[in-house]
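Following this line, the structures themselves.
In the two assemblies presented below, chain A is common to both, partnered first by chain B and then by chain C.
The block that comes next holds the complex of A and B.
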């Protein structure tokens, strides 16, 4: 009986390429003089929620930003090593960033809807890809808003400004905006840290639904949240990956002393 | 002594309020000065439109003989600056048999024997802008001399109808015949060809009709009489307005004033910009500002985008930024000289050589014109637009840019779809400042295209409709010329004040439009940020 409620566990070391969404090999990241990430090696499984935890400044946001090359926007950033998504190394300098970022969506800490209508917000990425037919856009908007569990709340005011929505609604709109592009991977960088507890719960439930159709990587400061929503958890400390295993193991019987200290609140 | 400071006398809190009060005092002083200037312009400007009564004046000249004239008296007394004693001088504008179309006179108070409003005299404005102060006596109608003035309105309608007929014949019949004759000239048709003779016959038929109508017109005359009793007569066709300003009620005066405002706004200048309207100058000013805005906005915005989004953060960029800011401090006449030398002579000269070679040595684009003036103004206002746009671009939140990039947008797409809309209120601020600066500028315009009098508007029904190579009239130049360079009488001086008021209103209206636009952009793109 108990086994029914237990989460299935994959052997992270021996993940086959079909089961892997992101494979990171010897990733090093330097921002200016600062060495932010040291030799990260990990395989993030497909259709699971993977949480990244660690103190502020440990490099978890930088790591997640590597997965869709958002670090390129920072001056003097240097990345070495390989990140393999869908069979290709996205760290290659000839990588098509527009294509990559439409496949790997990202949601930020604070909701950042564009100052246009709800409809136009969701269409933003699709229009960039050159889709102009009204019906295609209408369908995509409805589907994405359904997936982000926002459709019922905004279906009567699709053409109102997105700025009048509440914080939680705005964050779901931003998720819908990313989902409209049908991403294989969704990166969430502390998506609930600016939201109230109830809205946070709502977004967490949404993540459980979303993992059916895409891989989710979430950065969070909140360990309860990591334990609640994630299947796998990685703990980073000062730019190094200390431990990466399924969440139940990591939070109940961590392998490393540092992990235990962190999750029991001895530092951080 | 050396260590004195008001800290000893004032507490910390008092020091703060002292500084604030001092600032408020200076601000209100400036405000008072500004209101005074605006008040003066508004007062003297509106004075131009308000009808003044015609007076019956008797004065003695230097030789001691007395003269009786109809006259308008200046806005008041002018204190002499040459003598210590308060001596009042009267500005008089009068008509008499020697100067039927008006003359000016400055009188001292003792020379005036009698001054009273003359109810019987009228302020007669002719179509060429000149004025006569006289008493209308009688009308000459065709075949019926010396009719009473009761028939004046009817006679004027007849005259207008005749004039309309003449204009119709000129435009509908004579002009096409001219054109066809010119075509024959181009095809080198012989002088005695039948087609040419037929056209000539047709032409003389219509010509005779016009002459006949004109001779009819000449029979409508208005007889008037000056204060001295001497008579004079004018063609009724020359008459534009006739007002008994001494008899008008306030409402009647308001009607005359409204009429004068309408004439001022829609008519061409007459009598070397001392009478008539200022429409060509108003049109030229607004057109020049519009072209300048269209030119300066894209260049300024693109330069600002380069500086904030693309330029590397190094010394070179810093030097460019400083240069841009310093460009705003260059005297505007320098821009005028630059515009004349570079745009007009160099660029315009090159265009002439390339495209209008057949018309050389007569220049087409290589001469001052409205386009070169707008371009010079665009260069002049470029720093203002760049600085304001940069300010707007810097205010775009980083997370919005990140959001756009995260959806797969390239840099250009992010700028076009996200950054520019959000920065648009900042861009509008720059445009507002540019308009305000350009509208008041006169010095560079005089070098690159604004003239005292332009026979044609830069816009008409002739292809290509907008003639950017034409010289144009500008309100600022009109004011400068009218106020300092022309022989001015009191009336044209107050016309300059009225032009000044109009220029202020133009700047005001353009600014209001831009502010409304900016407010709407703000509501659309900046709500919630």
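The block that comes next holds the complex of A and C.
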């Protein structure tokens, strides 16, 4: 029978290691007395955009922070279970966190450029890695700014302060800073909630391009954004993973009633 | 006239999705048009094999309707279209129902050949084929108006249905007269009358789609508009 529309629906539970960017096994997270994440098991597909949605406090930001061990910075945090990235369990105590954070980049809600030039912002991570050759840094800065769709706007003022850029430009600069390290995974925690609707659409378009070179995991409060940008969506509720499927299915025919209630605004 | 610009969204993916959706309707329309051409050919050449192919091919049309419907649902859920984008998707969702029904009517006409119930009277047969040609032209004009989102073309095609209706009524009167004189059974005649009715109904379905095109481009709902006022609108345009 003639197929009019091409649609990909990966079997997320049966993803092979080659297709998997992040595999989460029995993940539990406690922050102080609070049990934040309960037995999370999921496989996040490579080179796709996966959105994490759920009510405030459901644990979605905590989950994304587990993927580059940002929760280590919180006192009294306890993590158990495994997170497999690039074939190794990143929860292992001997994990090299600098290496991990260069492989798994993160962009936050508010653009956080460093108070230095645009150029220095982008090559900050590379310099930390010991790269000093000007030629190499120039190339990396140009490539990262191109990939973050910012090059044309800043190419003539690379040595101006990053602080004079607009909010949308600053956020793209931060994305470029993460991309300069050539990450396999890019974590975006509410990346557009401080931006206007049009700039938001530009960043969303950018995500569509970026997934060709890395896996993207995005946390968003904006359900419409999750629907627009993501290929796969996970719904979390009170620290539990309720449903994880392709976004087409989740937003048209969710399997679980809790998901249906949340996305249709019947929650609570 | 106001066309829905499919390629001006910030999101290229959204542009592509709308373009694919529109093209899929045209693919479905082209398929149904070919079905009608084949059916008329099967009647004129008394070819049951070709008619059988038309009947089987209707499954393809049904599947297309389901796929396009699902895509409309997906786009509404994921893109939250508004204004002209929303009107386009609602238009498509309604138009494919009409196109699928056209397919069903064509299937019924094709069964006339597989059941060997083609009118014995040459004059009825040739009048039937003549109306069939008019309906085919109307169908082509409808999909063309849809593709170009051309309100004027849609209103002109809309007007063609009046001619088809009057031809149909004339043929119906003639056929009723022939029934008493001919040796064909009443069952055969009923099948022929149903097939004629189906042909006329295809014209009505085209008319519906033309109304949707006018609503899409002008934002005005012209359904259930009196013919005179619509005629005035056509006169103003031409």
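Details
One rule holds for everything that comes next: the second predicted complex is superposed on the first by the 261 of 268 C-alpha atoms of A that agree within 3 Å, B and C clash if a C-alpha of one lies under 4 Å from a C-alpha of the other, contacts with A are read in each partner's own complex, and residues count from 1 in each chain.
Everything that follows uses one rule, which is that contacts are C-beta pairs under 8 Å (C-beta built on N, C-alpha and C of every residue); 3 or more make two chains touch, one makes a residue touch a chain.
In this text, all values refer to a predicted model and were calculated from it rather than measured experimentally.
When the shared chain is aligned, chain B comes close enough to touch A:174, but chain C does not.
In the superposition on chain A, A:112 makes contact with chain B only, while chain C stays out of contact range.
In the superposition on chain A, A:227 makes contact with chain C only, while chain B stays out of contact range. Once chain A of one complex is fitted onto chain A of the other, the partner contacts of A:101 are limited to chain B, with no touch recorded for chain C. In the superposed model, A:198 lies in contact with chain C only, and not with chain B. When chain B and chain C are set side by side, the one touching more residues of chain A is B. Touch criterion met: A:247 reaches chain C, while chain B stays clear of it.
By the touch criterion defined above, A:151 lies against neither chain B nor chain C after alignment on the C-alpha atoms of chain A. Those residues of chain A whose C-beta lies close enough to touch chain B in the complex are 68, 70, 73, 75, 97-102, 105-106, 108, 110, 112-116, 124-125, 128-129, 161, 163-164, 174, 177-178, 181.
Those residues of chain B that touch chain A in the shared complex are 313, 397, 399-410, 413, 417-418, 421-422, 524-529.
The part of chain C that touches chain A in the complex is made up of residues 10-13, 20, 24, 27, 59-60, 63-64, 67-68, 71, 73-74, 77-80. Contact residues of chain A toward chain C in the complex are 1-5, 198, 201-202, 204-205, 208, 224, 227-228, 247-248, 251-252.
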